[in-house]
Amino acid sequence: METPLKAQHLVIFLLLFPLGPALLLAAVRGAGFRRLLVGAGAAATAAASVALAAVLPSGETLWIAFASPFADQAVIVGEIVVTLFLLAACRRIRRREAWIPVVIAAQGLLLGWAEFGRDLPPVATPLYVDPFSALMAAIIGIVGGLIALYSPGYMADHHRRHPEEKDRRRGFFFLIFLFLSAMFGVVFANHLLWLYFFWEITTLCSFLMIGYTGTEEATRNAFRALGMNALGGLAFALAIVLAGTSSSAPTLEFARVAAPGAALLPAALLAFAGLTKSAQLPFSSWLLGAMVAPTPVSALLHSSTMVKAGVFVVVKLAPALHGTRTGFLLALVGGTTFLAAALLAVTQSHAKRVLAWSTVSNLGLIVACAGVGTPETLWAAAMLILFHAVAKALLFLGVGAIEHRVGSRDIEDMGGLIATRPRLAIAMIVGILGMFLAPFGMLISKWACLKALADHNLLLAVLLAFGSGPTLFFWTKWLGKLISVPSGARASDDVVGDERLALSVLVLLTAGACGLFPLAAAWFVDPWILGLFGAPLALLTRSNLLIMAAMLGMLVILPAISFLQPREPRRVPPYLAGANAGGDAFTGALGATHAVSLRNYYLADFFEENAIVRTATGLALLLTVGMLALA
Amino acid sequence: MAFFKKSPWLLHYDASSCNGCDIEVLACLTPIYDVERFGIVNTGNPKHADILLITGAVNVQNEEIVRNLYGQMPDPKVVVAAGACAMSGGVFQDSYNVLGGIDKVIPVDVYVPGCAVRPEAIIDGVVQSLAILERKAAELKRRGGSGEPEKPS
Amino acid sequence: MPHLVIAKLLTKSAARKPSTRLYPAEKRAPPKGARGRLVMKQIETCVFCGVCGKKCPTRAIAVKRTDKTWELDRLKCIVCGECVEICPKDCLAMEGEHATAFVAKKIETHVQKPKPAASDPT
Amino acid sequence: MKTALLGVVLWLIAAPLVGGLLAGADRILSARLQGRVGPPLLQPFYDALKLWDKRGGVVNRFQNFYMVAFFAFVLASGAIFFAGGDLLLVIFALTLAGVMLALGAWSTHSPYSHVGAEREILQMMAYEPMLLLAAVGMYLAGRSFHVNALASSGIPLVLQLPGVFLGFLLILTIKLRKSPFDLSASHHAHQELVRGITTEYSGRSLALFEIAHWYENVLLLGFVWLFFAFNPALGVAAALAVYFLEVVVDNAYARLTWKVTVRAAWIAAAILGATNLAVVKLLLR
Amino acid sequence: MGQRTIIPFGPQHPVLPEPIHLDLVMEDEKVVEAIPSIGFIHRGLEKMAEKKDFQEMAYIAERICGICSFIHSMGYCQAIEALLKLEIPKRAEYLRVIWSEMSRIHSHLLWLGLTADAFGFESLFMHSWRVREKLLDLIEETSGGRVIFGVCKVGGVRRDVDAETLRRALEALAALEAEYREIAGVFSRDASVKRRMTGIGVLPKEDARALGAVGPTLRGSGVAWDARRLQYAVYGELDWAPITEEAGDCQARCLVRIREIFQSFDLIRQAAGKISDGPVAVKVPGNPRGEYFARLEQPRGEVVYYVKGNGTKNLQRFRVRTPTFANLPPLLKILQGCELSDVPVIVLTIDPCISCAER
């Protein structure tokens, strides 16, 4: 197949270009120059990813031949370096964690054997792009670019607030761009060894970033993340060993066709690796721990992109797993995670933990969709990835900005934000609306999902129905907190500078994704599904689109109408059982005057966190083991 | 239109009464008297109420609360003072802690005598207050609704 | 555990006529001896001794011997009936009917006409 | 298309009339069960018209927007339903309406509204699974998510989905705001929440709430009707019967707590709903 | 964080017909702390004894509370009569017992209704009050007032009840009892009612004693104390025993009251059977001097009237220790850790009478 030159160049540009800013940033100390570099690097990356989407011929998969032997050797050297680096980092482990270097070493040995001990045929096209990869690349380029743009301001503020921490910002920005490069690699790699290499780099970045602050807690959480991802890495290495034989090169090829028998096991192992990377139960705990990292890291690695690499690979495996018992169990792992994580999100008041559980929950849904693997569910999975990436990045960055203005990440401290910091509040509201409410993004995907599951997997449909309740609960109560207006609330400092730009663009993107999602579907997802299954999918009927558009329109028009009311109604203080003492203060017991104090419900004694974690982790563990055993 | 007459919603407040009138107010809601026949509902929320039905001699601690409740009721509204205490302080008028009738605090439209006031008398009083409510509603409409709420005298 | 225990009671109630007394459309005669309202039965025989006023726990009754007036402030009256019991001339009476509500505050005044004359019921 | 439009117009005009009359009948029936006479049949209309003339007050200028939005989305969800549209979209629009209502209560920063709002979304969390499963059940039995297809399929849904129907009746009690599940905005005064969600609403916005509730009731009865749509007349009779059954239940139960509500609704969804779905899936398809 | 919801529960609150304030400090809906604020119905009633004639005070004592009105006036009169060493006629004593038992039934029925409404069982509230109205008719027929009886005075009672009226009253009571039995059945058997009361607001026996609970609140925790055992009036001549329940929860307190209503029906029947003819009042000689306190059993529990006279027509001191006042400490104890939706139910099961407590 002939490759249009331009797209191929863009792919290689995306792979290599971020390394430039990465190396420069590792060397640069000055804040101004750093900002400039980050801005330019982010802009170029984003532009290239958009350009790639634009030039990619609709619906086609481009195979990119890359005949240079240097590339393969560079990858091998890189793998060795990464493994050695990780082993060296394990100096600081505790006794309980002694298994981690063992797993990493085992990975290395397996890989070494696959690489040198066996005679594998060369891979002709180590890279490829299909519409789904292009969509992923656009997400990484744009969202990743925006998060990078947001970071210098945030990190400067972070270090002002924490003078006790060592300033390792040079390393930080190096890792950010290194990570972007690796993510593009994950998305474009066809050669499994390459994919593994990029995969391991993301693990490395995540490990270093979680440990950024250098506190004891951060270090322990970093090792927990490393350990779990190393398990995934081991499965990955096994998959490579099994997938590559003397007759077939180790590529993702095996995953593109329904694979009975031998090909199922590598698929299951890769799916296992995907589960660890996307923090599915029973591995979710590392993602919660990862929330100690600076907020841009949480946004970039732990919600919008890196954890998506896990589900991305799982989605890629869908054709191989479709209709198998392994696929069924994989879907159940996702479904269980979806429900359990949603329940757990209800019990949290720490904003980043809520976001983390909701991320886990949404990734669970995507895994469930991939496990079922019908055109409809894959359509839903791709749309979920898109909406989630945009809205979640917005939410994380919003929480980061709030943290630096309000001084807290606790949702309870965000009361009245709409009155005190309207811009930030609107950013958060748009993000939250995008996450769960009709007619916005996520809900469209859920709608598609439920329809598909009703046909193909009733059990998952039931899990989905049950999970949607708590999802609604925890988002709505957060929303309620943001929009409640205490009397006498005054506007104060809102967002500034880079943060404002990044947040504004993300707000527009989220809104755009919600309003213009049919375009995204038509541009990327529908062609991809067509290419995958050879049959078009008409999920979005005209009448339904019309209804959704009408609902969206109502949401826009209604505020306008209600603010056009002829006269301001009489203002009265809230009902306080007659004990009003001006504004929303009341005369309480013993003659004391209290201001109204309201706390959301967390149902901690109803949804017992430990019990849910234990049960769901146990169940997911059983399912995961079953999934591998049945493969 | 005369819908105030057909749907008067009550707010009952006990501004330090002995309970005698209060249980008679509640008795009005129950099967034997059933004021829901007239569309009367005991709302329990000043913001939903049209009629403030108030019992008891106002004591010092209740003064502000009565004002608050009255202030939170949307216009048009009427006040019915039920029972001797609400009218004048009744048997407690001489006490050091009692201000006297409700009209010492907020304007009263209808006085309902009795100690304790009988349910029938309460019905009479509320029915009388409806005409006043209608009048106030018409007045409000005439002023085009832009006017200030009525100031307590 | 038993559910719908009240069902029998509800069914009976629905089948029966409601137990509501349709006041004010239908007025029930109050029981004999009920204390509804205090009335000045016959001002003619009143001797203006003022005992009723003195005995009244709420000082609702004012008797002015010089003007030959007997005044009742209904806002204060607690219908205890003490005055009725104490009246030496049996001028006062307790009626079963309750006193009606009123809009304007007023003192009920009864003046004894100097010569044979009817009472002034205002 | 024409019938869809007719459905929407009918919904917009007739639903509040029917809903108001039902509310009036509800109040009379309740009164009779309690041995009282009760209000006139048209009482709900009197109430709404009175509220319309009332000079409402607000705690802040945002709160009325949410109420208007609630009203609008209730109308929208009914419009989708009676135009014969997608059942899932009906549910999502209804959920959106519910969220708007809760947000309105939150916006006021008032203690009783706050508790009302929290309870409202607790209730939504309780009934959402069963509602979605009901839609899925109808899809499995009637082979479509579209109301018009389900209605014209001639399939006796209620016979295939008896469990789902029972579960739906349970959550219907929550949605109709009837005892034992009238937690967030009791229509009886004597509750710990004063009026919960509507505490801070007065005048026209309160009237909107009442009217939206009539609309909502009709829509929910529409769901009931759909179970019996193979015989439209029977469907209407069944919807009315269910409504009056709910009134009787309202009068025959104490109000339960939110924990019991969530548990009951989820257990119903898990046992009645899911089992029924499984049976339909295994036996009928 | 440490942020908690604080709800101003009252003074104006539909659940509380009377104003009292509680700061309910909550986490989710769990009440962590309940801090009361009282005084909204304080009318300075005891101090009025210094201004009012001791005979007039009977009217004021009756208006301590409009629900337990009769027993308040009866207790006050008993205390004064003791100071005056006044022997009142037997018939008056019997009539007092009959009226005080009627007042107990009326109070308990009222309570049953309010409790039903507190747990959202509106029709049960309506039916309780429907039945109660029939009793109020009897009270009005015999005493002249519906809730403020106004029949007790120092030296006896102000009016007699003729034999014919008493006979009709007994017939009516029998019919009433049959109707009441149905309602009592709902309270004691219905599943949803049990769900709202069983195991809620448990007051263990030791706590009930230590915190000084009285009345059904005490007896619901298994302590068999009833002030009527002091045999005031003619209770010594009637056959009865205090009613107790062991569980100490809301359900137990409810059951105590339910059974007490039946007991009151029985006591009225017994008293009406034993009543003898004769005068109903004696003349009051002079003014009270010395101190005394009378203990009686009200529907809500034991009440104490302390009177101190100095030989003038005004009392020097009048003090009432009302049952609700005694039951407030146990209430605050059992409110801790309950759910918001149980607050009204728990508050009601001590049968609070704020106007008693604050006077």
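Note that the chains take the letters A, B, C, D and E in the order they are written out, and that residue 1 is the start of every chain.
Following the convention adopted for this analysis, a residue touches a chain if its C-beta (ideal position, glycine included) is under 8 Å from a C-beta of that chain, and two chains touch if they have at least 3 such contacts.
Model, not experiment: these values are computed from the prediction.
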Hop distance check: chain C to chain E, minimum number of steps through touching chains? 1
Interchain contact steps from chain A to chain D (minimum; 1 if touching): 1
Which chains touch each other through the most C-beta pairs? A-D
Taking each chain's centre as the average of its Cα atoms, which is closest to the average over all protein Cα atoms shown? D
Of all chains present, which has the mean Cα position farthest from that of chain A? C
Counting only Cα atoms for the centres, state how far chain D is from chain E in Å. 43
When the C-alpha atoms of chain A and chain C are each averaged to a single point, how far apart are the two points in Å? 79
Between chain B and chain E, what's the gap in Å when you average each chain's C-alpha atoms? 27
Rounded Å distance between chain B and chain C, as computed from the means of their C-alpha atoms: 21
Provide the list of chain B residues touching at least two other chains, using ranges where the numbers run on. 13, 30-32, 34, 37, 42-47, 65, 69, 72, 74, 91, 115, 118, 149
Would you mind listing the residues of chain D that make contact with two or more other chains? 31, 33-38, 55-57, 111-112, 114, 189-190, 194, 199-200, 203, 251-252, 259
Going by residue number, chain C touches two or more other chains at 3-4, 6, 10, 13, 18-20, 22, 57, 78-80
Chain-chain contacts, ordered by label, are A-B, A-D, A-E, B-C, B-D, B-E, C-D, C-E, D-E
Residues of chain A defined as touching chain E within the complex: 349, 410, 412-413, 576-579, 586, 588-591, 594, 596-599, 601-605
Interface with chain B, chain C side, in the complex: residues 18-24, 27, 36-37, 57-58, 73-80, 98-103, 105
Note which residues of chain C are touching chain D in the complex, please. 3-4, 6-7, 10, 13-14, 16, 18-20, 22
Contacts from chain D onto chain A in the complex sit at residues 55-62, 64-65, 68-69, 72-73, 76, 80, 85-86, 88-89, 92-93, 95-96, 99, 102-103, 105-114, 117-118, 121-122, 124-126, 128-130, 132-133, 135-136, 139-140, 145, 194, 199-200, 203, 259, 262, 266, 269-270, 273-274, 277-278, 281
Touching chain A in the complex: which residues of chain E? 1, 3-6, 8-13, 19, 21-23, 26-30, 35-37
